[in-house]
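Multiple structures follow.
Below are two complexes that have chain A in common, paired first with chain B and then with chain C.
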Partner chain A sequence: MTALIRTNLPVLVVIAPLFVAFILPPLARRIRLVEALAFLATVFGFGAAGYLAAVVFAQKGSPFIYQLGGWPAPWGIELVAGNLGVFFLLAVTGVSVPVLLFGRGNLTAEVGGAGRVTRFYVLYLLLVGALAGMAVTNDLFNVYVLVEVVTLSCCGLVSARRHPRAAEAAFTYLVLATLGSALVLGGIGLLYLLTGHLNMGFAARELGRAWPDYPHAVLMAVSFTIIGFGVKAALFPLHVWLPDAHATAPSPASAILSGLAVKGYLICLLKFLYGVFGGVLLRELAVHRILTLLGVTGIIAGSILALAQEELKRRLAYSTVAQVGYLVLGFGSLNVTGLVGALFYLASHAVIKAALFLSAGAIQQATGKRKIRELAGVGRKMPVTMAAFTIGSCGLIGLPLFSGFIGKWYLLLGSWEAGMFLPVAAVLAGSVLCAAYLLPVIRAAYFAPAPEEDWQDPGRPQRLALLMLATVVLALGVRPGPFLELARKAAAELLAYY
Partner chain B sequence: MSGLLEKLLINYPYLVAALLFTIGTFTVLTHPNLFKKLLGINIMESAIFLLFVASGNIRGGVAPIRAVADGEAVYINPLPSALMLTGIVVSVSVTAFALALIVRLYKAYGTTDMRRIVARRKEVTGDDGFDQN
Partner chain C sequence: MLALVLALSSGVAGGLLVAVLPAARSRLRNLVVLFFTGCGVFGSWQVARLVWAGEQLRIAGRLGGLSFCLDPDPLGVVFALLAATLWLFTVVYSFGYMAGKAHQRTYYSFLLLTFSVTLGVAFSGNLVALYLFYELLTLATYPLVIQERSEEAMQAGTKYLLYNLSGAAVLLLAIVLTAAQGGRLDFVGGPILARGMKTGYNGLLFLFTVGFGVKAALMPLHRWLPAAMVAPTPVSALLHAVAVVYAGVFGLLRVVFSVFGPELLGELGFTALLPWVAAVTILVGIILATRQDELKRRLAYQTISHLSYILLGAFTLHPSGLAGAVLQMIGYAALKTAFFFCVGLIAEQTGVTRVSRMDGVGKVLPKTMAAFAVVTLGMIGLLPLGTFWGKYYLMKGSVAGGLWPLAVVLAGSGFINAVCFIPVVVKAFQGERTCTPVTERGGRVTLMLAPTLLLVVIGLGMGLFPGMVWPGVRAVVDWFF
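This part shows the complex of A and B:
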């Protein structure tokens, strides 16, 4: 039995959450059981990710390849738990556990009765399963299917509240996300036309031979994938759906949407750019310059838009737009250092944004206030929540000893190495702007006079979830060791043929 | 020039796909009516399905069933068509979900016009922002 589980882990980590998601609805009346099962599913995912990481580490970085149905590569579908896959798997499953814990016994207030809470968990597990799939998949069409599962479950989570604005935000999101998936599917179709393969490795090899003959078709495929995933990952100017969607969703949903769902698309984009098109082609077509430019504008514009927001959750949502800019900037650096920075920042931003959104949600729930200037004195009334928020903020700004610093540092070095100075300036300016939009919140919370109100920290599971996330932000900042090493190996692998 | 035109005419399914995609995208982005937006999405997705299915087709080819075809026959590629079955299923689910959202929006705002929804937002929801529930 254990051997059976161990040899099938790469597929189990994807289908276990999906399976649990489908058995939850009939249990809707027994909400404790639903919560326990959902929690077990995410914990299993994290354990499996840890085990796979240990296997890959023991094999000195060579991947754990799983063939679905036993069909070998060009014909069958492959799941590859390599360095990159395991890295993202750890981030997904690691963040999904505390976020789920935060929802425990707390969701009814946000989404309504027990049936709606169960529906929330179903969508949540579908989302986690599909994101895990994005981490391990090595098949172009599989990517499309997973992208659609993520999109639909995200839209469901956004519309989880009964408020009409939630339905509105979900509809806008759905329309634009479907536009994005149609573009991605078009890109996959062109790649299949050009190479005759759906397996990423085989498609890449074939594309290396075929692309000088069909430069226009390849250029079209590249632009389809970048714009398609760009819409879904809220890459600036394509971010218009994100603030409404992430600000209206229930807090655990905002945390997972901002922290992980956006990152799933970026990991897919990374796999397409480096795993299929390859560094040589990107440089020949000057795609890396476009990516860098998109990243720079994203950082600056996203941060300035965040500064203009008065509501805490909307400010955090716009900040996600800026952080996506950082990651795309790293993708465009075309060197190992820049990619290490992008990967590490991707994971640490997932943790940080989850902590920030969850504490913002807890504050909103306790105080009923959304505007930042109304949050005076929150820090003294809700010490645990605000401590998590402060640690998250320091991480996002990129202060040393917090995880965001390491990511930003490598991004800075990578841009410098690539000889591009605009991104160096943008990374630094982004940090300053980030301080400008987060520090006023902290100042208001701790140093402004508190009103005579009875605001309290949330319950025990919520506090535990916040503490877990805050600890990870600090731990990754002080001792990034093995995690950074994994990112380095993954980056080196992506650039191996370059 | 005539060479290019000839190429385009021979590959007319791709031309139609590009045209449909443009029409669909234009409708999605510019039409204020939610139903029309949804129709635009469907047209856009059909364009991609056409691109895939056309890529597997060979003129004069037969379905790849060995018992039916004789030894000389050219088989068409069945894989793109099979993939598009999945694509159609996804498209149906997206449509169903979008329709459900439209119903919710209609119940709240009494209209399916995006411009009127924006105009009535304050009146229906009480403020510009978001409520607790």
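This part shows the complex of A and C:
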């Protein structure tokens, strides 16, 4: 039995949450059971990811390839738990556990009755399963399917709250995301036309032969994928849907949307760019310059827009736009150092943003205040929540000893190695701007006179979730060791043929 | 090793302990603060003793691919001893000054945290550690700057953060580029960049100068310093005249002697410019000081001017210049702290904060004003005070380094200092008394007056017996040349 589970682990990581999501609706009345099952599913995912990571580590980085139905590629569908796969799997499952824990016994207030809570968990598990799928998939069409699953479950999560603003945000998101999906599908279709393969490895090999003959078609495919995933990942200036969607969703949903869903699309983009098109082609078409430019504008514009927001959750949402800029900038560096930075930053931002959104949600729930200047004195009354927020902020600003610093360090070094000065300046300016938009929150919380109100830290599971995330931010900053190593191997693998 | 851990951790431990003590137990809190500061001072002296004895105390760790280490050397030890010793004085002065004021718990807790961070800056063994503590210093001192919580204080605090965090970002860039060039970031084992390819070093030096220059208040990056004077006087004394600004100066000394090294710097074009930036800061700073009516602002501009004395000494790239810089660092820090203490006493006792209202203050507060007068002589650089020796070696270094106009700048600055402060002293003793008469007695005043007078005595002692600081200075010069 255990052997059976072990050999099928790459597919189980994806299937288990999806399966649990299916059996939840009939149990909707027994809300405790629903919570427990959902929690078990995410914990199983995390354990499985840890095991797969250990296997990949033990095999010195060679991937755990799983053939669905026993059919070998290119006929069958492959799941590959390689360095990149397990890296993102760890990030997804690792963040999904505390975020789910935060919702425990706490969601009814945000989304309404038991039926809606169950619906939330169903969507949440679908999202986690699909993101896990994005981590391990090696098939172009599977990517499209997973992209659709993620999009639709995100859409449901955005509208989980009974509020006209939520419905409006979800609708905007749906329209733009569908446009993105169509573009992605177009890109995949073109690739299939050009190469005759849907397996990424085979498609990449074939594309290397085909692209001198069809340069325009390849260019179209590249631009379709970048724009398609760009819309979904809220790459500036395609970010317009994100602030409303992430700011109106219930806080665990905001955390997972900002922390992970956006990253899922970016991992897919990364797989397309480096796994299918390949570094040589990217350089030939000057795609890396476009990516760098998009990253730089994203960082600067996102940060400035964040600075202009008065509501805490909106400020955090715009900050996500800026952080996506860092990742895309790293993708465009075309060297291992820059990619290591981007990957590590991706994981670090997932944890940090989850911590920030959850603590912001806890604050909003306890105080009923949305605006930053109304948060005077929160730090004294809700010490655990604000401590998590402060640690997250320090991480996002990129202070040493916090996880963000290591990512930024490699991003800076990578950009410099690529011989580009503009991204270096943008990364640094982004840090200063980040301090400018997050420190006022901390200042208001700790140094402004507190009103005579009874605000309190949230319950035990919520506090535990916040502490877990804050600890991970610090742990990744002080001892990034094996995780960084995994990112390094993944980056080296992606650039292996370059 | 144990001494190093003790020195670094006592501030953090004390700060956390103070944070959890009930706000009303002020006597207990003062004892805790005094005890932990004492531990830190003791630890620093132990570290100094060991370093001077030639031992290597090294604590190293890794942050991913980055090494991070603490490794005190003679220069760091001088800075640490200076900061630690003055911290003790400031803490005692604070017991008097802060008595009965609001937010005392926050104040003492962050004062102690800052103590650890400052020692961290001093003991950093590589650029990563230095950057970490440099950045932390900004954040740890922010609550002290906005201690009053007034609108003005909040604005000053924002300015403070903006300047210093931007400076730190530039510094990070410089460090990344150094890592890309030299690969090694540790200070031990000679200058980092000595064996590099020497391309783009002028730009790198520029970035370092800007990065550390913000805290060192090098013009035109000095604007935050006068604004930060809204902080309580002991904070101004310690942080904005010694610890924070010295962290910038210390960083620049590190850049000159540990990152580039005097030999390499001598070959760079940008180096030729640096002494003149320092010279302009010296003169413009003190000239601006003469135009300030508010006493604390006048002192702030004077700080800007005097910090560049130290930088000027370093930029001469001559052993005598370095000796002068270190001597100036020590002598000036003690006297400037006393200077601020005097100003704080005057403001607390008589309510006078402006030069134009100083008439007759000397008759009300004779001991304070006597200390003020002696310190003024020190600021000019006259003999019975420690700062004379600093200035002497700075001039010697300038001439020996072939930059004799700098010696003239130093002499001129001394003269303007006299113009700036002697009339104040004269007015205080001779003018018609306008402020309310108060006594110079009572427990609270004694707590403030005793450290002030003791510092003045130390300043005189250093002037008369320069031998007592000379071994420390010699160790630094021998270490780098």
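FYI, the second predicted complex is superposed on the first by the 498 of 498 C-alpha atoms of A that agree within 3 Å, B and C clash if a C-alpha of one lies under 4 Å from a C-alpha of the other, contacts with A are read in each partner's own complex, and residues count from 1 in each chain.
Please note the rule applied: a contact is a pair of C-beta atoms (placed from the backbone, for glycine too) under 8 Å apart; a residue touches a chain by one contact, two chains touch by 3 or more.
Quantities reported herein were computed from a predicted structural model and do not represent experimental measurements.
When the two structures are aligned on the shared chain, A:G61 is found in touch with neither chain B nor chain C.
Put chain B and chain C next to each other and count what each touches on chain A; the higher total goes to B. Judged by the touch definition given at the top, the superposed model places A:G156 against chain B, while chain C stays out of reach.
On the chain C side of its complex with chain A, the touching residues are 63-66, 68, 128, 131-132, 135-136, 139, 143, 146, 149, 154, 157, 161-162, 165-166, 169-170, 172-173, 176-177, 179-180. Residue ranges on chain A touching chain C, taken from their complex, read 399-401, 405-406, 409-410, 412-413, 416-417, 424-425, 428-429, 431-432, 435-436, 439, 443, 446-449, 477-478, 480-481, 484. Those residues of chain A lying in contact with chain B across their complex are 109-110, 112, 141, 144-145, 148, 152, 155-156, 159, 161-168, 170-171, 174-175, 178-179, 182, 185-186, 189-190, 192-193, 198, 247-248, 311, 364-365, 368, 370.
Interface residues of chain B, counted against chain A in their complex, comprise 21, 24-25, 28-29, 34, 37-38, 41, 44-45, 47-48, 51-52, 55, 79-80, 83, 86-87, 90, 93-94, 97-98, 101-102, 104-105, 108-109, 117, 121, 124-125, 129-133.
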